[in-house]
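Let me begin by handing over the structure; questions about it come next.
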Amino acid sequence: GNEGGTTSTSDGEQASIGMVTDLGSVNDKSFNQSAWEGLQKLKEDHGYDVKYLEPQSDAEVEPSLLQFVNNKTDLTWATAATLEDAVKNIAETNPDAKLGIVDSALEGVANVVSVSFKENEGAFLAGVVAGTMTESDKVGFVGGMEIPVIQRFHAGFAAGVKAVNPDAEVLVNYVGAFNRVDMGKSAAATMYDAGVDIIFHASGGTGNGIFNEAQERFNAGKQVWVIGVDKDQSLEFGNDITLTSMMKYVDQAVYDISHEALTGQFPGGEVVRLGLNENGVGLADTSDINVSQEVLSKVEEYKEEIINGNIEVPETP
Amino acid sequence: MEVLANVINGSIVFAVALALGALGGMLSERAGVINLGVEGFMISGAFFGAIGAHYAETLNLGGLSPWIGLMTAFIFTGLFSFLYVMATLKFKADHVISGVVINLLSANATFFLVKLLFDGAADTPRISNMFRRINIPLLSDIPFLGIAFFRSYPTTYLALAIIVIGSYILFKTPIGLRVRGTGENPGSVDTAGINVYKIKFWSVMLSGSLSALGGATIVLTSNGNFSFNTIAGQGYIAIAAVILGRWKPYGVMWGALLFGFAQAIKDQIQIFPSFDAIPTEVFYLLPYVITLIALILTGSKSKAPKALGTHYDSSVK
Amino acid sequence: MKRVEKVLELKNISKKFGEFYANKNINLEIGRGQIHALLGENGAGKSTLMSTVFGLHQPDGGEIYVYERQIKIENPNHAIKLGIGMVHQHFKLVEDFTVTENIILGMEPKIGHRINMKSATKEVKDLSEKYGLKVDPNSKVENLAVGVQQKVEILKALYRGANILIFDEPTAVLTPDEIGELLDIMKTLVAEGKSIVLITHKLNEIMSVADKCTVIRRGEYIKTVDIKDTDENELAQLMVGKTISKQLDKNPFNPADKILEINHLHLVSKSGRKILDDVSLTVHGGEVLGIAGVDGNGQSELVESIVNMIETNTGEIKIKGQSTKGKSIRDIFESGVSYVPADRHKHGLVLDKNISENLILIEYYKKQYNDGLNLKKMLIRDEGKQKMQAFDIRAESEATIVRGMSGGNQQKVILAREISRNPELLIIVQPTRGLDIGAINFIHNQIIRLRDQGVAILLVSFELEELLSLSDRINIIFDGKIIGQVDPNNTNDTELGLMMAGKGV
Amino acid sequence: MNAVAKHMKNRNILVPILATIIALVFGAIIMLIAGYNPVIAYQSLLNKVFGSAYDIGEVIRAIIPLLLSGFAVALANKAGLLNIGVDGQITIGAVASLLVGTLVDFPPIIHGFTALTVGVIAGGLWGVLIAYLKTRFTINEVISSIMLNYVALYLSHMLIRGIVPQEGSQRSALIQDSASISLNSLSELLNGARVHWGLFITPLIIFGFYYFFNKTRYGYETEVVGLNNHAAHYAGIKVNRIITRTMFISGAIGGLIGVFDTLGVYKYMAISTSTSGVGFDGVAIALLGGNTTIGTTLSGVLIGVLKYGSQGMQFGAGVPSEIIGMIISLIIFFVAAPGLVKKLLPNMEHTKKEVQ
């Protein structure tokens, strides 16, 4: 339909990309935001017309996707596994539309490219850092919800810790929410009180609470660490408490695949799996601030082992 | 033993926000005005607390910022309280509807303002000067009690003060007598030559601001900023605390503590590997089930103010 | 300065509710040290007029003079400052508060910030002794009998230094002793130089204490008379505008067989207090058994246990020889029992439903009113019309919402419903509370008619006159016990009064 | 008398209409202040709602749960109960129908019908739980509702992950096609809009509500209990039984919402961090509609349209959907406080005398 002319949708001249977030904002400082940053970079570099929609309920996802599709948007991204079924339905009823989905392994739908990350591989490296650097031999993992994606983080991390420090203990707390900062803080407090000195989290906004608790303890003169997730969280929470971050390069993936798609070779029907090998996951470049060289070189060794298949990182704990 | 102390300490952290929210609810209900808007007032408090502290920081007020945030929350939530007063007192709107409106309006208005003030952001900028736990000299060194009670946030002691003073005012002073009378039988207060409208007006105004302190507490002690999920149902739990506490300040405190305990204990139990067998959901259920059980055990005795929810009109006998 | 004689004067006071005049050009003059009665039917405008004087609402016309100075009385606070106190028809007490708390509310003595309860309690004690109003300052109002609650109301006014006291139907809920007591109190008060406005429907009270009486009818001023040169009949005529016979002619008493039989009923409250203590009684067809007693001596529990609204601990209740054990309230009603409860607004009616809907409250579920699923709306409406006719219910139509109706008419709705169910046993409590003579006569005649038709009637009332004129036998209940039985034809107020107070026997 | 009736009618219709208009104007003003173009905004809202067959179908899909939720709440209100536990009843109804829809093998239609019935009953029983806590332990239904909403949510997670998980995904397995209650052919006409049996069942519920309270003895006794339960008790009505019965029906309607979502819209149930919130919309809708049949229906449709259209506003004019949220709350506010509308439009004097 016509949108009153405000949206210069691609009627030929410049290509357009749409994006539908999962519940939550495009500025969630997490993968929604990463994806959006990827698109904005595309806009700068190639002048694509980019736009997003934030559905207010699960039911609104399909209409939102369709809004783009009906607008002849050249490529429409959905930025979370939870949108998988919606993408599938829309793709099947609109065969000539191009769609992409992040964090999903949706296969065999000709006009959908799905990007999935091997979080467990990245988390393994985080585990190596934690396992080596812990002084109490107690590290913690805080998960948002007990769902497959998060379990991959959990499994990889635990494996990494065990690999370098068999007698280290991994305490686990699935908080049950991705945006209850106060619960994250409480979870962290409990772990630190129990002697944990490094916490790795995969819990979205809930994780902020972990950083807050760490910061508070740091201010009180007690050094404890947090390992960030998805983005380089040291940029937001500083280096006093951020040991390192396990990166998930959603922005890069979205950037690359979108560009491919709009310049001819759309990998429809494929599942693009991004692990260490493809530089889809890894540790933040700023890691060297708090992580010593020998630890980092150990990390590099394990990275090689994983890439050349000598180490098989589990996907479930 | 130390573990238990930590749990109690954690319980208090959760409880304080609830207690403040509940005290607000209790006050207006003591004056005969049902308050289902606690959630909304807490949202408003969280929002204004966050931006208040944020702007204070931008003015380099440093350690003063959280206090400013607290005040901002207290004062500006008056906007919503005033709306509530207008609806329930002047226009004699149904109290429950008005509460629903407050919840809807404050949620949407604040989220909207966040996007407006911080160009599209999903949350307010994080503040670096949050409240910190203060160790009360000497007391905090008492073995068990020290950790449990005397290493907490300023807001904890503020809440405690409000409870003590509030209880004194409500049960020992003329104004308290009049407020309680208004909730029980406005007719008698009116014919005793007291302005019922005035009493209700100020009770409700203050009620909103008190609840706001609860919301602000969450932001200023734990979250560090405000997002659309900062207050996610705590307001309703607070209402439960009011009923659990039978409309008495100390009762409300115990109600809040009970729920806080159920929250804190769930983090503690989860990190014991021996509990891996239990599905995590069981822990999530805990707080709500415990509250229900508490209600079952006390419920039958709870006694609401007699004129709760009614509109007073002197010409009607 | 000269001593004012007119403490309160109203000139052409009018008060409208919407388009309807509750008061129209009413004049009133209250002299110092006088008891001035205000007489009128239900809805005549008495409470409205006095509420205006007390600042509860503003008149739409006319002037108010207090101590011969014209004044606009803004609100109750203002009225209190002027020395006006009001004892309201429906008490304005906080049940959850103690006597003291209720009395000092708004004028609390303080030390620092806190209420000085000690001195408050003492003040209340002194005050109650000074005027002989016996109350325990520390007991919670909700635990007090109505009579005592009223004393609290009076003390409330006196505590505020009232010199002009307004009593709105103070005796409606009192026992003979209490009434006597109250009237004496009034006398002491006027002896103290205070002035009193007394609203009541009861002519004998007016005759016994009042100096003057002003009559209003349908909101309009009729006349002010000196008590010393008038009598009850004149007053009655002035009030209703026509002569009315207070005579009840009933058939000679010939009881048929037992309808209600109660044996050794016991009920103990949660707090262990004996509420019903070995109560036994019987009611025969064609007789009216009156239960005399001060409010709160177990009457309501007694009747509520007869219809199984509450469970008793031990004892047996038989209706037509059938034990009521384990029967539902509905079963009992179906076995031929009708029940007119004491509290119209709480039990008797659904105030927000209309007349015809209230008339089917008990029997809506019967074939007669529904086809198993749907209510027979037409039929229900028509029956409503008929019953309004038959029972002289005054309202716009059968679709009128009951809340806005006068207490008298509300009461008639309940009677219409309960009587037209053709009961064999009619339990009726406080049937004429707060009603005017017209309504009272009507209701009394209805009761007699049923008795003459052979219905068994259990009548609970606080009004001796009512009991004496209607009952064939009177049982006196005190403290949950039936402490005696008298024959209405050879007893008198004093004897009954004493027994009701637990004395005598 | 007739005049009075008319007057009442005018009033009841007029207030909400005026309220809506004023609220929309307020919304426009806010947009202007915030630098958006209200004209385009409202244009794209309507566009989104009526723009295409698909959208019309989807609006209906969006309205159905709101209507049902509104009537679930209204029903309870009539008996003097505030059921803000519809969210929980939805969840329970959904998960129950999900289990039947995935685990058992029945022929089409029958399978859908069985799953639907089970879901409805489950929702009803969840409502009865609230009634039980109230009648047996005198626990205020507002509180128990809130608690039970959370309990229902996590219970459903447990059942999904424990009994019908979908490997490697954050949702349950799909229901079997035989359990689907979608109207496929119609759905195709509407370019895939997710319409389902609710299209026919919802009107039935609405009519049932009207019939129940305006015709039947059961509606009558329910209202009596709601208006004065003392009188009801005196009249021999078993109050607790009515409360329980009412909460069962109310919960059952809630359950129906969950059933439609699971068997008609998604075909699976997601593990989401919170309940849908439709139950709370229901409270607003019922209150806005004054618990009347017409009122609740209209307000349900209105709010459904506004909510669905808000996506269009975001797309077309970049207006955040919170604006719509504000507008909705303003509408309710004005309806709840008619005196305010009167203030804002002095010329409408006579239309709004009441406030009580």
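Here the chain labels run A, B, C and D in written order, and each chain numbers its own residues starting at 1.
Here, a residue touches a chain if its C-beta (ideal position, glycine included) is under 8 Å from a C-beta of that chain, and two chains touch if they have at least 3 such contacts.
Just so you know, these numbers come straight off a predicted model, no measurement behind them.
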Reference chain B; chain at largest CA-centroid distance: C
By count of C-beta pairs in contact, the leading pair of chains: B-D
Computed distance of Cα centres, chain B from chain A, in Å: 35
Intercentroid distance (Cα basis), chain C paired with chain B, Å: 45
Inter-chain centre distance, chain C versus chain D - centres from mean C-alpha coordinates, in Å: 47
Shared interface positions of chain A, touching two or more other chains: 146, 176-177, 179
For chain D, residues contacting two or more additional chains: 154, 161, 274
Numbers and ranges of chain C residues touching at least 2 other chains: none
Chain pairs that touch, as defined at the top of this document: A-B, A-D, B-C, B-D, C-D
For the chain B and chain D complex, residues of the former touching the latter: 36, 83, 86-87, 90-94, 96-98, 100-101, 103-105, 107-109, 111-112, 115-116, 232-233, 236-237, 239-240, 243, 279, 281-282, 284-285, 287-289, 291-292, 295-296, 299-300, 302, 311
Complex contact set, residues of chain A against chain B: 24-29, 140, 146, 169, 171-174, 176-177, 179-183, 185-187, 189-191, 193-194, 205, 208-209, 212, 216, 219-220, 236
List of chain D residues in touch with chain C within their complex: 1, 215-218, 220-221, 223-224, 227-228, 230-236, 238
Residues of chain C touching chain B in the complex: 17, 47, 51, 54, 56-57, 75-77, 79-81, 86, 88-90, 92-97, 101-102, 104-108, 110, 113-115, 156, 160
Residue ranges of chain D in contact with chain A within the complex: 37, 40, 43-44, 47-48, 51-52, 54-55, 58, 61-62, 154, 161, 167-171, 191-192, 194, 261, 265-268, 270-274, 276-277, 307-308, 310-312, 314-318, 321
